[in-house]
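Some structures to go through are shown next.
Across the two complexes that follow, chain A remains constant while its partner is chain B and subsequently chain C.
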Partner chain A sequence: MTEQVGAASARAVWRERLAGIPYVLPAVLVIVAVMSYPFAYSIYLSFQGTPSYTTETHFTGLANYAVVLHDSVFLHSLITTVTWTIGCTIVDIVFGMGAAIIVNGLRWFRGPIRAALMLPYIVGYVIASYAWLWLYQAEYGLLNQVLTSWNIISEPVSLLSSLTWALPAVMLVNIWKTMPFAMIMFLAGLQAIPEQTVMAAELDGASPMRIFFEIKLPYLRRVLVITSTLLTFQNFNTFTIPYIMTSGGPLNETEIVSNYIYNLAFTNLNFGGAAAASVIVMIGLMAFAVVYVGSLSRRQPGVV
Partner chain B sequence: MAVSGYTRRQALQAAAGAAGLAATGVWSKPGLAAATADITGKLVAWDWSDAPSVPGVEAQAEFYTKYFPGMYKDLKFSSTIFGYTDLLPKLTVAWRASNQPDLARTAIQWSQQFVGTDQCATITEEELGIPFKEFLPGALLSVRKNGAGEGPLYGIPTNNEVMFLLYNKAIFTKAGLDPNKPPTTWDELAAFSKTIHDKTGSYGYGMCAQQNQGNTPYRFMPMAWAYGGAIFDELLPHPTWRNIGIGNDGVVAALALYNKMFNIDKSVQPSAMSDNQTNVQTLFLDGKVAMCIDHPSFPQQVQQLKPDLDMGGALLPTGPVRRAVVLGGSNFHIRKTTTNKPAALALMKAYLAPYWNARLGTGAGSEGSTEISRASDEQKLLSKDLPFNDLVFDMLPFGVNVPLVTQGAQIWNNTIPGMIQQVLSGRSTPKEAAAAAASQVQQMMAT
Partner chain C sequence: MVGYLLFALVPFGWMLTASLEPQTSPYREHLSYLPSPLTFSNYTALIRADPIANTDFPTYFVNSLIVVICTVILALLVAVPAAYGFSRYRFFGKDVVLYGVMLQSLLPLVNFLIPLYIMLEHFDLLDTYAALIIGYLTFSLPLNIWILKSFFDGIPTDMEMSARLDGASAFRAFLEIAIPPAVPGIVATAIFTFILAWDEYLYALTMISTADMRTLPLGIFAYFSEGAPNWSALMATAIAMSVPVVVVFLVLQKYFLAALTKGALKY
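What follows is the complex of A and B.
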């Protein structure tokens, strides 16, 4: 009898799973159709020699991988990209969550304030890059004007020409642009927390910090996983902001891996090398996704 | 004349002949009309355009949407105008896949990546109907394989340009300099720049030194050539593009002068390492920078945007060895695998008719590519509205080509700006940076 119930239950689970397939099949087919050929072709190209003086290609085995992995500019761009991704994602998460908590706690003007905080996310990347370019501009940018008029600096500073400050300055623009996404995700997560749970904790005398860490944060775990994963990929694949603001300079200090791959393909005409670099990056990102999502999405006992 | 039966008079007559189309109600601008009955099938053309603010770009839209389609009604014609930076990657991918367009106009420094890789059809004088000696010899080098002095042409120059020096007369006066005496040598330019910064607080010279940016060598190489420097042997009448010259004393001297202006005198804007042409233009318009090097179209923009800016123009300064300037412009190329070469040639001919060549060249911030168009009435009419256009004609003989090798874009956009940034950032001495650049070029050419 127990076995019969178990078998029926298993069949029900499978029926439920199979029932979902028709709903996602069109989307899956479109994704496969659009992505499979370029994906496969990139892998194929990464094993091909594509010299700049001809359009002919020839099999070169792992040569492209060896060349790319020995290229100091690629290795530097990888380090810059990791710094960029970790830095931007952490700040996005921390400030996004902070902003979400503040906005969620507002009694008045929550809508207009939320809309105002969302503005950077709506602005296009190109527009944002140019706007910040002029803000940073040494000779008449707002930042230098303010710092000079307050006597904080004696003469204009060109952040984007500085080997030390160019990367943080460009990262700040990216954070400004992506942080609202984190905020809106966390805001949605916070609004989904049952009010009675929080109220019960308050009645029991729990402090706001304890409520946050013991109740709200566990509820936000799934949102945190999704948001941080999406932001990690988004930040890792950024192209426009450094391309427009610094073109990767000064001296490759702001050259992230997507800019490197673009230059390798379209300036140096080394399509095989660019494909190899793309595959290396893809493998890295896939490994990250498996480890990161796996570790963060493990359910803990007693936690939703 | 090399082509039998072609004379200037006949060319003009042919151009005027197209006006007969007006009688049939077709668009009536004069051009070198091919026989309309022969031009059928399908033709796809790609072109690029500068910013919409550049005066005269409307001529391009008129040509592609009204004039040329009006000439050949049986031709299924489509054209796309890309932004300057958009065209190259798209065309690179499209032509490597042997795909559309049938013909494309590319900036002169991009030509070799298509010519050198055998992606372009040859074009003969007979096919074009215009003697090749109408074009500047330097411009023809850019459409021959590996920039050779002789051999078949794999494209046709559409427009050519050279830059010149612009300066703000009011800042010169404020600095105690004679506003009618611009610097004549690069050393003098550096000295003027220092005087201006010391006495007025404005920056003397607008330096472009952004990484991965073609604008950067466009301003630096004239100075390097003037000091006797070179990238290869491009200063020879028949360069081989094999002898690497970038590590030589002339380049080192030019780098040292850049270093002096940026790091020692601090007479150029501090943002130079992240500034491109557009940034410097804005600084010049705002009166923050007293001198800059720019395209022929820029003074007209200045007149429109800042009519009260008292601007002077001058030839690019000379150096101890020579006066030089980058020979800019664009070329038309026909895809080797096109199925409609006659239609592509018809478009080229229409484009090169003196009236259109002058208008479209001016619209692209240049001059027409043929001698006949540069001497045409249309050009004279257009030149009236182009401040300092006489300087362009005076500078054209000093034009020197960009590296005419398939690795040219890499050298131009990466190696030279990288070399300059090494010096300006203090990471390398001029000699070290030039030697490293020479080594990079050597490696590129070896692979």
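What follows is the complex of A and C.
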């Protein structure tokens, strides 16, 4: 009798376990086809000699990796990417937080101002690139016109062809585009803080600074971790801004790793080398993701 | 606050100024913040293809619209049931699949580009709308699943339960009971996909080779590379290109912000 019930409930459990499959199967199949298979294929490709992608490929072991890892342009692009990613993410977070606090404290026009601040995020990377290309433009861009007319500089400068200024200038464009994302996330975080807690602290005479650091910031911790991680990946993965604005120049100074991989594949037609470079990047990103998810779940059991 | 607003809006203002001027003179004597003389010719010129500058705004616009709308619909068709399945059911390997999807979606698009390019070439699909739509699924689908799952997670299950007890099939309960309250989430996800796909550059750059197939982000680049750039025309094109996303955002802002924060904060 009990065995029968056990078997029936086991069957029910199995039926329950299988019932979800039809819903997720189409999505899983599409993801395998357009993401997982390409993912695996590029690992395969990284071990293949591909003089040109149309001709026969052959196994060459780690040759592609050796070539890429000995390429100073690749190593330089990795350093640039790390600088770019860390720099942009920190500025995004700090100033995004600042914007969120100010917007959150607004009594009037909060909606319209928030919408206005969101615009750079909405219009996207392509518009951002062209808008700033025009702003930085040497002869009649706004920046040079203002700087020369205020006699801060005597001659118009071409920021994007300057070895010193090209990278910061391009990073600023990316910050312009991505900071609103940080702002929106922190706004959502701030709005989730119970008002009584803040009011109680205010009644006790705590300064705004102390309220921020000791009450609001702990509440924002989770949002902060998530936002900074998402921004790290988002910034790391940028391609469009450097491609449109500088093509990686001057002298590869603004070439980040996505641009390097793209050029290797589609300018030099070295698909194997490009695949090896992307596998190296994948390993790095995966390691970062695993360490991040690991540290998060250690600190907050049950959250991830 | 004023500083933030200036930083966010000045680039747009400067674009607008240029777009309302006749072809920007290389020898502007003095600084002018407002367009002089004022003209709308850069905008009216967009209505038709320009054989001299070799640009064709209407075609780019239609191409973008087709690709983006197909991507939005296709991603939703696949992602809505998947998100529901992930939210409501337990099955073997669920977490592995879910986090696998998330992890892959964090990789640079250029990593998928090379193998996808070879695959699409094999199926003779390069330079078609299909190539772009398939490519765009690589970023829209994981995002759609993730955001929609968080919306379904927030909808109580009791209505579905009672519908099931009344004899409705599980699939009917999904279609008729679970989907209606999820509509705001679906709208939000659609806007998100629309905004991302409208701006997509890398796949379009690689997979599109004929001028008639260019989407807007590519079309605008063509403007730029034809000899010395006509900044006024370029800025008018850029502004015209941003109008659809800005309008969609302003009208449906509430939904969009919900998608952005809800999906992300669920990680």
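Rule of thumb we're sticking to: the second predicted complex is superposed on the first by the 256 of 304 C-alpha atoms of A that agree within 3 Å, B and C clash if a C-alpha of one lies under 4 Å from a C-alpha of the other, contacts with A are read in each partner's own complex, and residues count from 1 in each chain.
The criterion applied here is as follows: a contact is a pair of C-beta atoms (placed from the backbone, for glycine too) under 8 Å apart; a residue touches a chain by one contact, two chains touch by 3 or more.
Bear in mind the structure is a predicted one, so any value in this text is a computation, not a measurement.
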Partners on chain A (chain B, chain C) - clash or fit: clash
Contacts of A:287 with chain B and chain C, given as first, second, both or neither: neither
Which of chain B and chain C A:86 touches, first, second, both or neither: neither
More chain A residues in contact - chain B or chain C: C
Touching partner for A:199 - first (chain B), second (chain C), both, neither: neither
First (chain B), second (chain C), both or neither touched by A:139: both
Partner chain(s) touched by A:266 [first = chain B, second = chain C, both, neither]: both
Touching partner for A:152 - first (chain B), second (chain C), both, neither: neither
Chain B versus chain C as contact partner of A:161, first or second or both or neither: first
Which of chain B and chain C A:35 touches, first, second, both or neither: second
Partner chain in contact with A:94 - chain B first, chain C second, else both or neither: neither
Chain C clash site on chain B (candidates 1-9, 91-99, 145-153 or 181-189): 91-99
Intersection of the chain A residues that touch chain B with those that touch chain C: 53, 137, 139-140, 262, 265-266, 271
In the complex with chain A, residue positions of chain C that touch it: 1, 4-5, 7-12, 14-15, 18, 24-26, 28, 30-31, 78-79, 81-82, 84-86, 88-92, 94, 97, 99-101, 103-119, 134-135, 137-138, 141-142, 145, 170, 174, 195-196, 198-199, 201-202, 205-206, 216-217, 220-221, 224, 231, 234-235, 238, 241-242, 245-246, 249-250, 253, 257, 260-261, 264-265, 267
Chain A residues within the chain B interface of the complex: 51-55, 137-140, 155-158, 160-161, 163, 166, 245-252, 255, 262-263, 265-269, 271
Residue numbers on chain A that touch chain C, as the complex places them: 16-24, 26-28, 30-31, 34-39, 41-42, 45, 53, 95, 98-99, 102-103, 106, 113, 115-120, 122-128, 130-132, 134-135, 137, 139-140, 142, 145-146, 149, 176, 180-181, 184-185, 188-189, 222-223, 226-227, 229-230, 233, 236-237, 239-240, 243-244, 257-258, 261-262, 265-266, 271, 274-275, 278, 281-282, 285-286, 289, 293, 304
Of all residues in chain B, those that touch chain A in their complex: 88-89, 92, 96, 113, 116-119, 203, 210-213, 269-274, 276, 279, 283, 286, 288, 406-407, 409-410, 413-414, 417-418, 421-422, 424-425, 427, 447
